[in-house]
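In the part that follows, the structures are each spelled out as structure tokens.
The same chain A turns up in both complexes below, where it pairs with chain B and then with chain C.
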Partner chain A sequence: MSDTAEAQSNYLLQTAGFDARFPNTNQTKRCFQNYVDYNRCINAKGEDFAPCKQFLKAYHSLCPNAWIEKFDEQKENGTFPASFEP
Partner chain B sequence: MNINLNRSQFQAHPYHLVDPSPWPISMSFALLIMAISAVMYMQGFPFGGYLLNLGTILVATGMSLWFRDVVVESTYLGHHTEQVKRGITLGIALFIVSELMAFVSIFWAYFHSSLTPAIEIGGTWPPLGINTLDPLAIPLLNTILLLSSGAFITFAHHALIKGNRRSAILGSILTIIFAVLFTALQYYEYAEAGFTIADSIFGTVFYCSTGLHGFHVIVGTLFIGVQFYRLLQHHITKSHHIGMEGAIAYWHFVDVVWLFLYAFVYLWASSGLL
Partner chain C sequence: MLQQISLFKTVYCDAPQPWQLGFQDSGAPGFTGIVELHNTIFFYLVVICVSVFWLLGSIIYYYNNTKNPIIHKYLNHGTLIELIWTITPALILIAIAFPSFRLLYLLDEVISPTITIKVTGHQWYWSFEYSDYVSESGDPIEFDSYMIPESDLELGQFRLLDVDNRVVIPVDTHIRLIVTGADVIHDYAVPSLGIKIDACPGRLNQASLLTERTGVFYGQCSEICGVYHGFMPTAIEAVSVQDYLTFLDSL
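Right, the complex of A and B next:
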């Protein structure tokens, strides 16, 4: 990692952390739950409500991108298997 | 001078060494045809359906002819000594245990799918969009029908042991009537349910478990029916009726499996209660 001025970025690098609700190595449910919670959050509070971003960051970190694309496609088609009602 | 022939005069043991029979080998071929044709049918191979029908007919015929021979050997030829009775009773018990293991495998699939529901079905059980059957409607009635039929067949058995032919016949008839009613109601439920076997893992485990059970109900009803017919034909005595006892044991097993089905597949999984 070079120490030039351009390399000093404004990005805050952090992981999704530990969530005691999902203690095991298989984090599939956690990815799914965060996707669902993000969508329920923006349904309830609107897309600009800042705390909803926590869920967005979590699922973008945890979920494989292919899954996110599939979830988004299901959401558009109305075939997502969970309800987004808050 | 004793002119009566006694078994001990020509056989120094209480067992039945059966005469050569074509049914075991015939049954093994029939079962092989049935198994392979079932796979052919399910995988869409040509003539799978026809061969499956053939296989099923061969198995049913083989069973009928084999059991017919057992009736001849016991009722008409007198080969079933007390020791033979014990052996057959143990055999029937072990057979029921093997059937139990088949249900264990289906219940395993059910609990695997329902206790940690996959995200593909929304992480909930029942899955979103599945309209489960009301457990307090026809399924409850079916529970009562099966429990009552179990009581009727036990009543018939006790009457048989006491030598009360009329009550044994009456109890058997009531058992069969309630069994047929159960089957008819299940058929109605299957026709009117809001989901099919293809509707996610829920549909699969629901119809596989209740379907396997329903098949056993039909087999059990036939078993009792045959024994009822033999009762009418005076094949049966109050102290020698292991076929009837086998049918009764099988029927109670079918009843217990239903109770587990009702508790875990109907009640626990219904949309209203979870």
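Right, the complex of A and C next:
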């Protein structure tokens, strides 16, 4: 029982909610948009700015990990097809 | 005592049976809706079929060449009857379309989910990712789920259906599935939960999942994806929230 209580305190059962910009089955752009928004956010406010974490959580919840890796790679090479300028 | 004589024990069928006719038992409200719509439409379908074939049969029987050699003037053309048999089917189709669309859009809705699970179809296995709990440094939870080959099956396991790693989900919890493909188009389908959604490479499809009872629900790939298309099943294990947290801890 104590294991369960410990486990419960470790995990927050919460995920990205409904987004009125993406009401359809297709969520591809939502993943991409949150990734771009996160990077714009940290470019504007710095990595430690707490509200940016919202975007981080959202794209981690929505994007397959392989996509995130690919995005990061493209970001490093400067070939990501969107601007991260705030 | 009652449990012992298994009179009031419910046994659910969440996997297909040999020569099964009809649906598996529903484990989700969406699938209950689908079965109900099917049954309702099927009732009217039987009524319409019986009346049409009755009419057709009696006309063939009573108005054939030997019994009725002279063609009746009003049997060749009649505006009223033609109007009736054109408009009535149109109304019936509308009456079928409305509940059908209602259900379709209800199934499409993903209402404030608690968990997001990412499903990726590969040639030829499914992989799953739970990423809601990950901080920037933390490792994401991900695992592959392969079919258990026939030679490794244990007693009670399903041939071509059981997998090495089941997807564990909490019961009575709204879950969002993000389905995508890694190589070719697959299709993630679990009949008793009413899920069937294409896994397209380069696209993220969203589906809603809510189980109403605990159990193991089996599904298969539903889009022909290569030679081992028939050998990439999936199993969803619905457990209580406590057990789910214990599962997360064990990973």
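The rule is short, and it goes like this: the second predicted complex is superposed on the first by the 77 of 86 C-alpha atoms of A that agree within 3 Å, B and C clash if a C-alpha of one lies under 4 Å from a C-alpha of the other, contacts with A are read in each partner's own complex, and residues count from 1 in each chain.
Note that in this section a residue touches a chain if its C-beta (ideal position, glycine included) is under 8 Å from a C-beta of that chain, and two chains touch if they have at least 3 such contacts.
Small disclaimer: the values here were computed from a predicted structure and weren't measured.
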Combined model on chain A: chain C and chain B, fit or clash: fit
Touched partner set for A:Ser83, first chain B, second chain C, both or neither: first
Touching partner for A:Thr28 - first (chain B), second (chain C), both, neither: both
Which superposed partner A:Ala50 touches (first chain B, second chain C, both, neither): neither
Of chain C and chain B, partner touching more chain A residues: C
Contacts of A:His60 with chain B and chain C, given as first, second, both or neither: second
Which superposed partner A:Thr15 touches (first chain B, second chain C, both, neither): second
Chain C versus chain B - closest C-alpha approach in the superposed model, Å: 9
Those residues of chain A which chain B touches in one complex and chain C touches in the other: 28
Interface residues, chain A side, partner chain B - complex: 28-29, 32-33, 81-83
Chain A residues within the chain C interface of the complex: 3-4, 6-8, 10-18, 24-28, 30-31, 56-57, 60-66
Chain B residues within the chain A interface of the complex: 119-124, 127-129
Contacting residues of chain C [partner chain A, same complex]: 108, 110-116, 118, 120, 129, 131-134, 136, 140, 142, 170, 173, 176, 178, 180, 182, 197, 202-207, 241-242, 245-246, 248-249
